Amino acid sequence: MARSKSISIIILLVVIALFILSWVIKATTFESDPDRISLWFSVRDAFFITMAAFLTLAIFSFLYKDNPYYKFAEHLFVGISAAYWMCVGFWSTLVGNLVPNISETLSTFFKVPYKGFHFTYFVPLILGIILLMRLSSKHGWISRWALAWIVGTTAGLNLIRYLRTDFISQVSNTFVPLLVDWKGVGPFFSDFSLSSTGQFAMTLSNWVIFIGVFCGLIYFFFSKEHKGIFGTASRVGIWVLMITFGASFGYTVMGRVSLLVGRLTYLFKDWLGLIS
Amino acid sequence: MKLKTLIVLMIMLLMSYVPAMAQGDPDVINPEDTTVAEVITPAPATNLSASDTPNDHGHSIDLSWDLSVDDGAGMNNVIGYMVYRATSMDGPFESRSGLLLKTTDYIDAGAINEYENGYMPDHTDYYYKIRALTADTAVYSDSEIFGPIQSYGQWFNWERLAVLLMVAGFLFLTVFFINKAKKGADLFVRRLAGIEAVDEAIGRATEMGKPILYVLGLGTAADIATIASYTILGRVAKKVAEYQTGLIVPCYDPIVMTVAQETVKTAYLDAGRPDAYNEDMVYFVTNQQFAYVAGVNGVMLRERPATNLYMGKFYAESLILAETGTVAGSIQISGTDEISQIPFFVVACDYALIGEELYAASAYLGKEPLLLGSLKAQDYAKAGVIFLAIIGFLSLMFGYDGITDFFHVR
Amino acid sequence: MKKQVPLTITFIVGVVLVLSVFFPPVETLGEDFSLFFDIIAVFAFFLGGGNLIRVHTDRISKKKKDWGFSMITIGGFLIMLAAGLFKLWNPGDISADVAATGSLFQLMYDWMFNPLGATMYSLLAFYVASASYRAFRAKNRDATILLVAAFVILLGRTPLGMYATEWIPESFSLLQIPNLAIWIMTSPNLAGQRAIMIGIALGVVSMSLRLILGVERTHLGTDNE
Amino acid sequence: MSSIGLIISFLFIGLGLIWLLILAIKGREVDRRLIFVFIGIAVSVPLLFKISFSEKATPIVRDVFYKIENLPEGSKVLLSYDYGPSMAPEVEPMSNAFVRHALTKNHKVYFMCLWATGQSLVATAIDSIVKKEFPDKVNGIDYVNIGFKAGGTGVLNVIITDFRKMYLTNVDGVNLDSVPIFNGIKSLRDMDLLVSIGGGFPGVKEWVLFAGAPGNIPTAGGCAAVSAPLLYPYYPRQLLGLLGGIKGAAEYESELKDVYPDRFADMPTPGIAMMGPQTLAHLVVMAFIVIGNIAFFVTRKKKV
């Protein structure tokens, strides 16, 4: 036990030493950089570049196992990100959208163009304050009014939105001709080949889409037991869904690797200067 | 008599046709004209007409016209058009559009409110003309003035009738089946393996003496998936309260956190154990996707929950969560309506609710007739879709596309 | 009473928003409400920030496990908050962009927030690999279908798929791996996506109706307090 | 250099995989950390030795390219940066290629973002590409940055009818009415092309659903690979073309280089460069799947 503790202290010291070393080396390389006009800027930027590299490695260390460096990065990240959103929300939404509509004095203070007094903007202001009433244990229940407003808005907007866009457009896109007279190729069966742009492939696609959507929807029937023909269709539906999931998964690998490339590029290029 | 009329008619027809022929035939144009085309005034746009924009709240007018014969043909010196408007026949006319290339229609819309820039009052006479412009700004020609025309608002948007009918139909189905369920009709609902596993998983957690981690996902209070998740959370919290297992609910959105606290508190009350409820069960982590994941990952490896439940909206973090949960040795049950993330949950979790199943889960859990009734309505709507799709492709096969047109709703 | 008022609010707001879509004079109501929603969300951020501080000070004062790290959370939070609200080191005045170049807010964003987020995200490259090793196994028919589809797509995303099947003649080009991959993406994949989408849309519509009608009400808590 | 790298990486990974295979056949459990090491090597070695493969544009990418290519000069193109730094490695090459292409064609470019985190990325793009590579382009005349507004789809709902209801000024605080490029521009409907670059929410899908489709405005997109399958249903009707993941970016870059060999001779091509690690990583993942299944069948046989 004591031994593992002394090892972790040694590791900590090594990490700190490496951090300082990197900081100093970076700062000296920056000194010749014309963009960084004073010593303060090179020291500052060298610190931040080293910090970013340290945090990157700290997160990667989680792949091995949970450790104090990851904990440090995690807790720091939680803290600054929570504040980040508060600041952005404050400046862009409260100052940017609310203030110009309710108060001229505040608008002048924040130097935003005043748009005139609109009493409707008191609705979110009051609801926002009601929501904050939650902090009081006695009047906390009133915050439910704000929640009720939010839920009502969500329900009202989503009902129409999903019906109009996802539902109707997807249904109408399923209306496809099942015998394809493919442009310029001629009537059905005139070109019977497995060419990827051929008539057969087109027709096959349309059939697959039609039957796929049909069986997929059957799978999502909840109030009927999946037995007999109904069960068969639902099983085909699952297969179609499985192809969908497999395909999406395979397709995504590429994106995930890109992100890793991005981070490694930072470490190799910006921090260590191994590649140009 | 008859013959005479016929001859007169023929002559009139011929006379009206001759100038048209001369105009329409490019060969007739003197080649010398084209060389000096830059300074020659082009033919104006013709057939300008205007009408109030239908299905809107006013403050907007639809315009349409025919291209100048010198646009892309003839002298070919028209580069574009601009819309001009005035409130009297004699002007002053002001431009209402940018340069429109090869365009034959335009919607002239103004601001709705009086205090805004570019306010366009309704019930006011407007006069329009279209200017055909050439590369030389001084050379242009105006169409005949159209007007007066007024804009006004409509009460109902007929373009959206199909949507309204669907809302009404769905409402009818839902209310009908809810009523039927209330009267005691036995409504069947199929097994949802993921949800049945929840009870078992809670039991396992109790046996192991470890907590349950419930992740509501990245949805905001404006996501229906999150609202569906509250119901499942309520049910889980009640079971947890009965079994006296621990519960951890880290939240991403402050409003969601508020609702989740309310839900869990209620569940503990219902289970008769309000004393066991602790404000710290449901807490806010942060509002940034990956910082949130970092935090939840930490909880998974430090608290080692026996069961992880992921219900709600999830994005890229789905697989990070699910794989870390696997390392921690937890049983994992997930449900999301975010299509791009379902595959990761299906692959990495023990059970996954796919899309709509998440919504059905809340009804399934409650086994309340009201909720089951609405599930039945959903199924009928699905049957309707299948029916429509069959009708749709049959009609397409016979070359009728009226049905597909009906579904192209703005 | 405590439950009736919220239910009524939900009902009225929901119905008004649904109907507003069909009536041009109030068509823009949805827009306004979305805007209001954002403003309320900012108030909620303060609620969240308060909760965060509370949870972590609690951990520190009770000396719970890892309480030292909670100090880092609070420290990071306060510094970032001050940097953002007071626009520390910001070259401009009060109307300047909060993340203007050179400000402390921007520096912390670029060199802490951003690398942390990007690195966390990039862990996925590793997890995708471990998940495919662990879970892509031909255990049963469903799993096999999933596995084969994933494999074909993976092949199609590399030059290997092209080299391996280039010999297939044009008239059978559908069987070339890259084409087959695209075909899977645009046909069965599309069908699956569409079925899920239609289902979800109906689920959302039905859920919204249940909320407006007040059938679904878990989120509103209870009367007896 | 790159051939040495290729040999080293193939040797390393190949021998390692064979070892893994032997482990699998023996029915031993493989530590996940070993898998992580393989991925790490497969990605970093090609990066260090600059291994890359050639690309050819697929139709879905060509559709976007030739839309921008064939728009008349001076057309209004809106670029929305709907992503954060975490997604940047994957989609930034696309937005950079779009900016270069649109400015080369002398289109007017309107920058905005639906993600708060996109703001600094737009600023970077303007500083590092527009100002450096297109010094004659004037802010406010050839391009403008109107920045970020919170609200996601709510923003789109508003600006499809009126920009000025949401944006009073550009990011520099100049009133939109005094920005020449905004003369005669009322709403999104005045744009000739909308390009959204982003993979999350709100992103390309929301641009299609809330702006492109209802306003009948041509919309193109670039997105992270993960969201591309979700967007295929909209192509080609509501979405005229799509760049999916880094492969899409690489294809666009190579098309740009083919069409403008002189103009973009020295253009950095992060997309193409990133395809090297991609290819190796894919091969490794496929090898894992195969080995995983061998392990599975071996252990199952032993149990029986």
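A, B, C and D are the chain letters, set down in written order, and residue numbers restart from 1 in every chain.
The definition used in the following text is that contacts are C-beta pairs under 8 Å (C-beta built on N, C-alpha and C of every residue); 3 or more make two chains touch, one makes a residue touch a chain.
Not measured: the values here are computed from a predicted model.
Shared contact partners of subunit A and subunit B comprise C, D.
Top contact pair of chains, counted by C-beta pairs, is A-C. The distance from the centre of subunit B to the centre of subunit C, each centre being the mean of the chain's C-alpha atoms, comes to 18 Å.
In terms of their C-alpha centroids, the spacing between subunit C and subunit D amounts to 18 Å. Between subunit A and subunit C the centroid-to-centroid distance comes to 5 Å (mean Cα coordinates, whole Å). Taken residue by residue, subunit C touches two or more other chains at 18, 21, 28, 30, 34-35, 37-38, 40-42, 44-48, 52, 66, 95, 109-110, 113-114, 116-118, 120-121, 123-128, 130, 132, 134, 136, 146-147, 150-151, 154, 157, 182, 185-186, 189-190, 193-194, 196-200, 202, 204-205, 207-209, 211, 219-221, whereas all remaining positions touch fewer.
The multi-chain contact residues of subunit B, meaning those touching 2 or more other chains, are 160, 163, 167, 221-222, 224, 227, 255, 258-259, 262, 284-291, 294, 302, 316, 339-340, 342, 344, 346-347, 354-356, 360, 375, 378, 382, 385. For subunit A, the set of residues that touch two or more other chains comprises 59, 62-63, 71, 73-74, 77-82, 84-85, 88-89, 92-93, 97, 112, 131, 134, 144, 147, 150-151, 153-155, 157-160, 163, 167, 169-171, 173-174, 210, 213, 217, 220, 241, 244-249, 251-254, 256-257, 259-260, 262-263. A complete topology is adopted by the chain contact network, contact being made between every pair of chains. Listed in rising order, the residues of subunit D touching subunit B in the complex are 32, 72, 86, 162, 164, 177, 183-186, 189-190, 200-201, 214, 226-227, 229-230. Chain contact summary for the complex, subunit B toward subunit A: residues 115, 160, 162-163, 166-167, 187-190, 221-224, 227, 255, 258-259, 262, 284-288, 290-292, 294-295, 297-298, 301-302, 340, 342-344, 346-347, 354-357, 360, 364, 372, 375-376, 378-379, 382, 385-386, 388-389, 392-393, 396-397, 403-404, 407-409. Contact residues of subunit D toward subunit A in the complex are 33, 36, 39, 43-44, 47-48, 50, 86-90, 116, 148-151, 168-169, 175, 199, 209, 213, 224-226, 228-229, 233, 237-238, 244-247, 274, 277-278, 281-282, 285. Across the interface of their complex, subunit C is touched by residues 55-58, 112, 153-157, 160, 163-164, 167, 170-171, 174-175, 178, 220-222, 224, 227-228, 230-231, 234, 253-255, 257-259, 262-263, 265-266, 269-270, 280, 283-291, 293-294, 302, 316, 319-320, 322-323, 326, 337, 339, 342, 344, 346-348, 354-356, 358-360, 362, 370-371, 374-375, 377-378, 381-382, 385 of subunit B. Those residues of subunit A lying in contact with subunit B across their complex are 59, 62, 65-66, 70-71, 73-74, 77-82, 84-85, 116, 131, 134, 143-144, 147, 150-151, 153-155, 157-160, 163-164, 167-169, 171-172, 174-179, 210, 213-214, 217-218, 220-226, 241, 244-246, 248-249, 252.
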